[in-house]
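Quick one: the structure is below, and I'll ask about it shortly.
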Amino acid sequence: MRPSQRQPNELRTVTLTRNYTCHAEGSVLIEFGATKVLCTASVEEKVPPFLKGKGEGWVTAEYGMLPRSTGSRMRREAASGKQSGRTQEIQRLIGRSLRAVVDLKALGERQITIDCDVIQADGGTRTASITGAFVALTDAINGLIAEGKLAASPIRESVAAISVGIVGSTPVLDLDYIEDSGCETDMNVVMTAAGQFIEIQGTAEGEAFSRAEMNALLDLAELGIQQLIEKQNAALAA
Amino acid sequence: MRPSQRQPNELRTVTLTRNYTCHAEGSVLIEFGATKVLCTASVEEKVPPFLKGKGEGWVTAEYGMLPRSTGSRMRREAASGKQSGRTQEIQRLIGRSLRAVVDLKALGERQITIDCDVIQADGGTRTASITGAFVALTDAINGLIAEGKLAASPIRESVAAISVGIVGSTPVLDLDYIEDSGCETDMNVVMTAAGQFIEIQGTAEGEAFSRAEMNALLDLAELGIQQLIEKQNAALAA
Amino acid sequence: MRPSQRQPNELRTVTLTRNYTCHAEGSVLIEFGATKVLCTASVEEKVPPFLKGKGEGWVTAEYGMLPRSTGSRMRREAASGKQSGRTQEIQRLIGRSLRAVVDLKALGERQITIDCDVIQADGGTRTASITGAFVALTDAINGLIAEGKLAASPIRESVAAISVGIVGSTPVLDLDYIEDSGCETDMNVVMTAAGQFIEIQGTAEGEAFSRAEMNALLDLAELGIQQLIEKQNAALAA
Amino acid sequence: MRPSQRQPNELRTVTLTRNYTCHAEGSVLIEFGATKVLCTASVEEKVPPFLKGKGEGWVTAEYGMLPRSTGSRMRREAASGKQSGRTQEIQRLIGRSLRAVVDLKALGERQITIDCDVIQADGGTRTASITGAFVALTDAINGLIAEGKLAASPIRESVAAISVGIVGSTPVLDLDYIEDSGCETDMNVVMTAAGQFIEIQGTAEGEAFSRAEMNALLDLAELGIQQLIEKQNAALAA
Amino acid sequence: MRPSQRQPNELRTVTLTRNYTCHAEGSVLIEFGATKVLCTASVEEKVPPFLKGKGEGWVTAEYGMLPRSTGSRMRREAASGKQSGRTQEIQRLIGRSLRAVVDLKALGERQITIDCDVIQADGGTRTASITGAFVALTDAINGLIAEGKLAASPIRESVAAISVGIVGSTPVLDLDYIEDSGCETDMNVVMTAAGQFIEIQGTAEGEAFSRAEMNALLDLAELGIQQLIEKQNAALAA
Amino acid sequence: MRPSQRQPNELRTVTLTRNYTCHAEGSVLIEFGATKVLCTASVEEKVPPFLKGKGEGWVTAEYGMLPRSTGSRMRREAASGKQSGRTQEIQRLIGRSLRAVVDLKALGERQITIDCDVIQADGGTRTASITGAFVALTDAINGLIAEGKLAASPIRESVAAISVGIVGSTPVLDLDYIEDSGCETDMNVVMTAAGQFIEIQGTAEGEAFSRAEMNALLDLAELGIQQLIEKQNAALAA
């Protein structure tokens, strides 16, 4: 039995709260159990220098953790003067995952920046970020359509992400912090609504893993992603 | 009449939510109207180098704004690689205000760091931070007492803060963003429960102000602080 | 009796030496007793990006201390790679104080930068900086008039600054370093020639201070500022 | 047919030159076709602070590209003042991959740092780095055994890495730069001699990929890794 | 007798390998004994801001050492976030030395950047860098002529550099690391083919040196430079 | 005739003012004509980490220019976040020059830091810095002797520095800014009272220079240094 009393193939309770803050064009608080991430989407009518004049838009992401979102206080990155390698890895992953489902030409010369700020952490902050960011992005794009700035949505399909891992030789879905700290293999999977992969990042923390174990993990991930996409759809329909 | 339909001497709705997040020794969400700041208190059993071996503790604060807590997105300070002068000014002010009511010798050789992170901004983030930080600090210290690490509280008295200003020649209490942007004079006042001053910072944004105007502003501030201290007491008694 | 044998309401000897260095458009060495600050004004025919094309000018300030201007050597900020929070606070204060008395539209699209560099420190460096900076700024603006670049002065009135504080329960004027280190309350006041306030920054270093004490401090400050404005006028008339 | 005239399942010519430079405890130039990476292993008899006194060692890696290792000159990271997110991602991956095959307790309280510096780049620099780094690490550890500092090797098994990808709907092995720039899916695989996975990082650059495509890519990777491990063994036996 | 068994006026074996890497417009590996420096020349059709629109070109240099090019590992400058004073001194010297022999007007509005990266260090890296950089620069310029972008070479004459020093009271040519560490005086000399000086930098490491000693050192330097220029000519003729 | 109406072998007026500021253990304002540099010596009873426990002392230097010490305002290095290559070169030169005349073992485990801050610049700031720094260092060391912390002076002999250069084919002594900007060759020479060299740094700004020209420059430098050493002696005897 898992520390959280969940079945191996069971997600934590997932909640998506839209319009969580008032200024951003999209603002979603996503909760995966005790993990809470605020995802805001900001639209700017300009693009980064490398895209200027190309008639294309850009979607990018930034990630941060509040210093005491974790069990012991982490140093504030603004105070230490740089973002850690981990932070950069995660925000690059979020940005790539979102761009994979957006037609950047159809977006037009504008940039949407997704900020994912972890209010409370209990494992899975990067997968919660991607899943919530997609909803915030959709809200921002729907706003552009409502304002008449876009005729149709440049979003091609939904995207969501989940972690899977091997804990004590059992493949499990959606690891919380205690499982994540002690697992043998940890894998983050980003998938589309159609069940295709956008990113797979698997790491043997302890022992190397076999092809069979990887297949079991991917089965779990597909199961979880389907449920997350339903949650996103329900939130957007509300 | 003020943009928010308030009387000149009327605070916005003030809410204090304790235990807003689960990891920190004190965690308070404070709201001054639409301004929302998460204040967490983290206890560490060590002191900064300049206090090592002196038998004294330390209370310090850090301040940050989420990039989209504001009307248009601000650059993330962790990404730009440094904290702005404004951020440093505010976090130094919060730290000094709290240290003024704590007996650092009685705290013992430990440090309490208060992180004030603005989730949503509508003016008054520094005064909300100080007012909320005091409650988070109190919770953290009560925790030390409950654990038997402290015999009695080193907190000497309550502290709270409010902004006052002259808007269109009228002195008003607790400016929101729209008032703050257009005011002639802006003053932040930090006071104790006993009605003594800890900090006064008044700035003529437009025209210089007279001694009489300053007195009117201080009268308003005293009025507001008393109400804030009552709110703090009520929250801590809950 | 004060350590410097002064009366409570007595300034230190104040000296203003114009044209202290030869390159700057304004260059003033100001001395408040043993405190010596070199204030230079540099005119540039361009404005910062946020003002480009708005037909307005800008006045800004930077502040620094020579590493051995103080009793023990301070680390050089250029070597440590950043300006401290204190430095930023002070230079922002100097800039705001000067802008409060200049009609930026009348200045035209040019920037004047005031550099305040502390050669020797004995308390009161920020108030000496503001007081000296105003004279350097006036010299630079008079130069623009002499060159025919400005028809009339955009300076609306004089500005000067002084510190006051409570030392051993006595309110005193113009604290030197030894008083500043041991005072209970420290207040910096920036005023115009007409006796209006531009900035008030009061801090309880030890105990909180009362409304009555604040009034006594402001009375002292008004007295001191009047004398400083006379010194500025005399220096400019020389 | 591929731009390099290779079959889909064909590696580029792989060369490993040991003792390429004279100072390092291990020094290997690895070539994957036109990609050339110098991997040096440096032994230090100390560990990072977080391991002090724990009786364990550490293996870590740093990665860099010479500014003109690429088709157009890249800015020197030492000059721009920070390592890019990509650099950090790669050096973290190299370090994790090596630590996965080393018994850090058996290494004792010492650190081995692997520097992977790209002399010439034509795709696959991270996989070449891991494959070469393992040989440099082995040389360094064999040196410690020869000096009597270690009784037995703490290396548990060999590790190597290769890229696979989908180019124009064909799964191919060991992408060069021209293929990498135009591929639909790019995957880096790190495996042990026993055929277990240490890391899998797959990214859809263009379209999302299916489970079947992923399986085809992993088949290719296994094939390539076996050949690389043979090359490593041959080089170490020489 | 010198540690390397050389005569006092004897250079180490000097080797110049052109086209060492494939991407750069000029790419030369220069070896002075065990010292190996890769010098690449990169042509860009733009100039730094201060030269924009002036019809002139620019030649500049950057210098770096691979972390384990030396006996014990040096910290990677990209990781520490800045280039050391020594690095900056050397790259400024290389740039000045090359610009002294190039007619920048005749080069046209383009920039050539020479990267000198030390693969293996055994003393004399800066003089090897200058000597090799000149050959890389010549190759890049000959490439521009071959492409028809330049009608004639803007290079006025050859330049090379060598170190000389006083080791145990004997003036010697081309110091290796062991001599450099223990020498009394160390001098780097940059000269043209015509025997004129471009730079002389002499430093008393131990005792001050006399005019007579300096003359002896310059005699040695002239001798060495002549041989280096012959080596450069031979390499370019190959 | 030179712009300053001086003979080719004529120094500018040199003034040394000891005890220019009150806090430092040595404080000298040196003027070479319009060039004014404040040199302070700070004694600390500790050494840098690489000397800890070796029974040796250290002498080091830092250099800075006030932003408006020059004709047009330079960016403040503390604001730009780093010291320029030129600044680092100069402060390294000052430090080496002083260490060359001090017996560091005899100094004992303490550090003397010389800060050279340019108040007004008109060419020759680095040579004025070295010449003034020696006097400040001597004052600091004499203070240690007076306090009984040192029995005898660890200074072996005097050191001073001067610039020489070729301006319009004439070798001249002690270049001011206008000459420095237009010279063909620029050389800084650091010498001891006994006429031995500590540093020679000669640079062809325009055309390369001959051995004969170098000899003429060194003759001028020797002449100038002798006069500077007399000035130092006179100042120290006053």
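Letters A, B, C, D, E and F mark the chains in the order given here, with residues in each chain numbered from 1 onward.
Basically, a residue touches a chain if its C-beta (ideal position, glycine included) is under 8 Å from a C-beta of that chain, and two chains touch if they have at least 3 such contacts.
Which protein is which chain? UniProt says A, B, C, D, E, F = Ribonuclease PH.
Computed from a predicted structure; not experimentally measured.
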Moving step by step through touching chains, the smallest count that connects chain B to chain D is 2
Most remote chain w.r.t. Chain E, using mean C-alpha positions, is B
In terms of mean CA position, the chain most removed from chain A is F
The angle in degrees, nearest 5, through which chain B must rotate for its Cα atoms to match chain F is 120
Whole-Å distance, C-alpha centre of chain A to that of chain E, is 51
Note: chain F sits from chain C at a C-alpha centroid distance in Å of 33
Between chain A and chain F, the Cα-mean centres are separated in Å by 59
In chain E, the residues touching two or more other chains are 82
Chains encountered circling from chain C by way of chain F, in order, are C, F, E, D, A, B
Counting only contacts in the complex, chain B reaches chain C at residues 82, 85-86, 88-89, 91-92, 96, 100, 187, 191-192, 194-204, 207-211, 214, 218
Given the complex, residues on chain F that touch chain C span 21-24, 27, 34, 36, 38, 40, 42, 44, 62, 64, 66-73, 76-79, 81-83, 87, 113, 115, 117, 119-121
